[in-house]
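Below is one structure; the comments refer to it alone.
Naming follows writing order (A, B, C and D), and every chain is counted from residue 1.
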Amino acid sequence: MFLVKYIKEVFGAIKSLLVGMRRTLYYFTHHKEIITQQYPDNRETLKLPDRFKGEVVMPHDANNEHRCTGCTACELACPNGTIKVVTKFDITPEGKKKKAIDKLVYHLELCTMCNLCVIACPSDAIVMDQTFEHSVFNRAELTKVLNKPGSKIMDGVE
Amino acid sequence: MWSFSKIANLIHEWLNQTFNPTLATIIEMVIVGIAVIGLFAVLGLVLVIMERKVSAWIQIRLGPNRVGPKGMLQSLADTLKLLVKEAMTPSGSDKFLFNLAPYIAMMVAMLLMAPIAFASNFQMWDLNIGVLYVSAVSSISVISILIAGWASNNKYSLMGAMRSGAQIVSYELSAGLSILAVVVLTGSLNINDIIQSQANGWWIFKGHIPAIIAFIVFITAVTAETNRAPFDLAEAESELTAGFHTEYSGMKFALFFLAEYVNVFIVCAIGATLFLGGWMPFHVGNWQGFNHVMDYIPGSVWFFGKTFFLIFVIMWFRWTFPRLRIDQLLNLEWKYLLPISMFNILLVTAMAILGWHF
Amino acid sequence: MELEELKTNITELLPAAAFEEGGEWLTVHVEPSAWAVFASQLRHTDSLFFDYLFCLTCVDWKTHLTMVYHLSSVKYRHNMVVKIKIDRNKPEIETVSNIWRTAEFHEREVYEMFGVQFINHPDLRLLILPDGWEGKKPLLKDFDDPVNMIKL
Amino acid sequence: MVEELGTTTEGDLIINVGPQHPATHGVLHLVITLNGETIKKVEPHLGYIHRSIEKMCESLTYRQFIYVTSRMDYLSAHINNHACALCVEKGMQIEVPERAQVIRVLMDELTRIASHELWWGAMAMDLGAFTPFFHAFRERETINDIMEETCGARLTMNYMVPGGVMADLHPDFQKRVKAFISLYRSKIKEYDEMLTGNIIFQNRMKGVGYLSPEDAISYGCSGPAARGSGVSCDIRKLYPYEVYNKVQFEEVLETAGDSFARYMVRIREMNQSVSIIEQLIDNIPEGDYQAKTKAVLKLPKGEFYTRVETARGELGVYIVSEGATTPYRIKFRSPGFSNLSALDHMARGSKLGDLVAMMGTLDLVIPDIDR
C-alpha cells in the first residue's frame, strides 16, 4: 500500500542516518582514536625508516676520507642533471697522475630522490640521508658540494 | 537563589530612582544593546571554537590546540585576522548592496534575540506574539543572502543565493507548522506562557509521539533554514566554491559567518524553549521532592545547557552527512516534511482538544 | 580469434592491406584514402567487431608521420593494430570519432601535438596547449623550444 | 528539457569550474553551460599541468624514464612504473625472478588500495561529507608507512627497475602488511555505516551519471568507470601479467552503470585487493629480487605495447624503439584521459550538484590526464 511504503521509506531513511550518527558519536567520545601527529613537537621521536630517500650525501669517515673515485657514473645515471662531478688530477706518492674528485656538486632543487645515482655508484660513495626539512631562504643554498673541504679518497677504493 | 532577573530589577529600580523615566528607558535600551552586541561576540567565539572541536574529534583530529589553553583562544585569533584583513569590494559589484548585505544578516540575527527568555523573567521584550515574531523575522534573513548573491556580480554567488531563496522559503513552512504544534498544545504565542506551561514536564515528554515528530521536523527545518550542512546548498563548497559569500572577505565575511552562528544559536534557543522547556528545570509531574532539587540549578544554566545540546546536534549532523542536491532538498520538504507536519498538526489538535497530553 | 583467421577476414575486407610481421598483435598498413570505410567495416562487421579503440597516437618518422590505432574487441577479445602513413608536410586523415567516441579527444591531442588535420572532426580545437598556440607542434622531432626545454 | 542539450543559446549561464575549484582536485578546467541548475554541456579544457612527459622520455634512457611516470598518475605511481618496467622487459626479453614478480604484485595491490582510499575520502568530501576524508587517510597512512619503509618514499616510490625491484623487501614488511589488513578489516564496515548506507548519499549517487555499456566501450572507458557499467575490462584478468594468473580474485562487475555502481566497484575492488595480498603475503618465494641486466639497456628495433590495470583503469605504454638507449617515441595511454571524455555525455541533463558526484566516481587525477 502506498502509505505503508511511504512510512517504511521514512523510517528506513531515519535509521540509515542514525547509523552514521552513531559512528560519528563513537569517534566524538573516544579520544584515543585520534591520530594527529603534532609534527614540530615530535621531532625527537619522529624516526624515518632507514631507506627513506631524503637527500644524497657522501659519508666521510673520521679521517675526512670518502669513497668517491670521480667515475661520473652517478652523473650519467641521473635523469635530471642533478649531479655534476668536477674532477682533478692528484699526484700519488709514486709520482703517478690519478683522477680524483675536486667537487661533487649536488643540486637539491633538481633532485627527485629517485635513488638511481646511489644504485649506479660502483664504490658506494654516496647514500641517501633521512633528512626531509629542506626549505631554505635562498635558492643558492640548495646547491651543495658533497665532499667536505680537504677530504680525500679512502685507501683501497678504486 | 541567584538569578538574572534580580540583577535586572535592581538596575531597573536604581535607574528609575536616579533619572526621570524617559532617560532611564533610554539608558536601559543602550545597556541592552551593548549586552546583545557583547553576547553576539561571545557567542560567535564560543560557537566557532565549539564547531572546530566537535568536527576535529569526529574526524579523529585534535583540532585547534596552540593558541591559549587547549586552543580556546583560537577563534579570538581568527577574529583578529579577519579584522585586519582587507575587505575588498569587487569592481563589477553593486557597491551599496554589496556592503549592505552583511549588515542585514547581522540585523536579522539581532532582532531575533529580542523575545528569547534566557532565564526566569530575564527577557528583552516579552511580547505576546513572541513565536510568531520569531518565525516572521527569521524569514528576512533570506533577503540578505539574495542581496549578497546578486550584488556580488558572480555566477556562483547568484546561484547560491537562488538556491538559498528556494530553500528558506520552503523550509519556513514546516518550521512554522512544527512550532504551531506546540502553540496548539499551549494555546499561547507568548514565549513565557509556553515555558510556564512546561512546569510539570517538557512538551517533548508530555506531547507523546506527535511532539517528538514535531521536534524532529523542527530540527530538520531549522538546519535547512540556517543553511547548515547537510542543507548548505547556498554555500556548497564543492559545487559553488563558497556560494553567496564567494566574493566577501575580511570583516564583511566575518559578519556573515557570525550571523550564521548566531542564527544557529537562536533557532536552537527557540527549539529548546518550545520543546525542552527553555529555562524551566527538568520537572516530572508531581514528584515534588525531585522537582524541588531540580529548581536549585539556575534557570540560565538549564537554558544554555539545552540550547548548546541542540547546537551540538546540529553540528553533529553537519559532520556526519553528505549534502543534498537542490531537487532532493525541495523533495524532502514538499513530499516528506510538509505532509508529515500537516498530519501531525491534525494529531496534535485532536490531542489538545481531547486533553490526551499529560 | 586466431591471428591467421583474423588476417584472412581482414584481407577479405580490404585486399590492399599490407601486414607487418613480428609484432605482438596483427598489424595492418592501410592507405589514408581507404581508412574511413575500413574503420567503419572493422567496427560493424559482426565477425570482427572492434568496438574498443584503446590507443590512438602518431609517430613522427621525420620523413612521414604514421598514425597508429590500437583496436580491441570486447566481445571476442582480439586485438589489432592499424598503421597509416601520412604526408608530413600536409598531414590529413579522416576522423574516426564518429565510430569510436573516444577518438574525439585523442584526435584533438594528436592534432595539437603533431598538426594532423582530421577531416570531418566535429570539434577540432586545441585541447591541451594554451589558446592561440602558434608555430611548431611539440611532439614533432624538429620542435625546439630554447626557453623551456632544458638540454642536459 | 525543451532546449537542445549540447548547445549554447542566448540566456544560458556559462560557468568556469576550475582551474581552481574545490571539486576538481587539481587544475582541471571545465566550461559548463547551464540552464538554471541543469547542465547542457561540459567542455573540458586541459593542459594546466601538461609537462609533455612523452617528449621528456624521448631524451631519457630506459632506466631513467621510469621515474618520470610516477608523476603522471601520482596516486598509482607504483603501477605506472610497473607498466614501464614491463614494457622494457618485454622488449629486452628479461625474465623477472618469481620473487620480484610477487613483490611487484603486492606493491601494486597496496597502491590500489591506497588510491581507492583517497578516492573514497575525496569523493565523500565532494558530496559534502567531510568526516570520511580523515577516516580514509588513517588507513591510507598505514600503507604509506609500509611503502616508505620498503621503497623509501611515500608517493612517488620509483621502486621498479627493469628486471625486478630496486631493493629487497624490508624485514618488517610481512608483519606490517598483516597489521594493515587487520586494521582494514575492522574499519571497512564503518565505511558502509558512514557513507554507503546513508540515504542522502544513496540518493545523490543512484541514477546519476548513467553510462551504458556501449557508450562506456565507445568512449574508451576502462577500470571501475567501465566495470560499473558491466563491461569486463580488468587487464589483470584478461591479459594476466606477473603472477596475477596464480592468485584467486574476482573481477568486480556492477551492471547499473550509475555513480553508485562505480562507487560499489571500487569498494569491492579494495576487498579483492586485500584478498590478493592475503594470498601472497605468506607465499613470497625466496630468490633474487632483481634479474641480472646489462648496465646499458638498448631495446631492439620495434614496437612494444604493454597494458596494465591501474587504480583508474587501463594504462598502456607504447614504446617505439630504434635500437638506441633512449626510446624513439613513447605514448602513454592514460585511463583518465579517456574516462574524462565520457563526462560530457554523462553530465548532460543532470544537475550541477550531480557533476561533482560524476567527477568523483570517475576518479580523475589531473596529471594523469594532461601528462
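Here is the rule we use: contacts are C-beta pairs under 8 Å (C-beta built on N, C-alpha and C of every residue); 3 or more make two chains touch, one makes a residue touch a chain.
Keep in mind that what you see is a predicted model, and the values were worked out from it rather than measured.
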Per-chain Cα centre nearest the global Cα centre, belonging to chain: D
Most remote chain, CA-based centroid, reference being chain D: B
Centre-of-Cα separation between chain D and chain C, whole angstrom: 25
Distance between the centres, which are taken as Cα means, of chain D and chain B, whole angstrom: 45
Chain A and chain C: spacing of chain centres that average the CA atoms, whole Å: 42
Distance between the centres, which are taken as Cα means, of chain C and chain B, whole angstrom: 63
Shared-contact residues (touching 2 or more other chains) in chain A: 17, 20, 23-24, 35
Two or more partner chains touched - positions in chain C: 152
Residues of chain D engaged with two or more neighbouring chains: 131, 138, 194-195, 198, 200
Contact set on chain D toward chain C in their complex: 44-47, 50, 52, 54-55, 59, 214-215, 217-222, 231-233, 238, 302-305, 307, 314, 316, 318, 320, 328-329, 331, 333, 337-338, 340-342, 345, 370
In the complex with chain D, residue positions of chain B that touch it: 55, 58-61, 155-156, 159, 163, 229-230, 232-233, 236-239, 241, 319-328
Touch list for chain B against partner chain A, complex: 54, 57-62, 65, 216, 316-317, 319-321, 336, 340
Partner chain A, residues of chain D touching it in the complex: 60, 63-65, 67-68, 131, 138, 141, 148-153, 156, 158, 161, 166-167, 170, 190, 193-195, 197-200, 202
Complex contacts: residues of chain C adjacent to chain D: 22-25, 51-55, 57, 59-60, 68, 70, 74, 77, 100-102, 104-106, 109, 127-130, 138-139, 143, 152
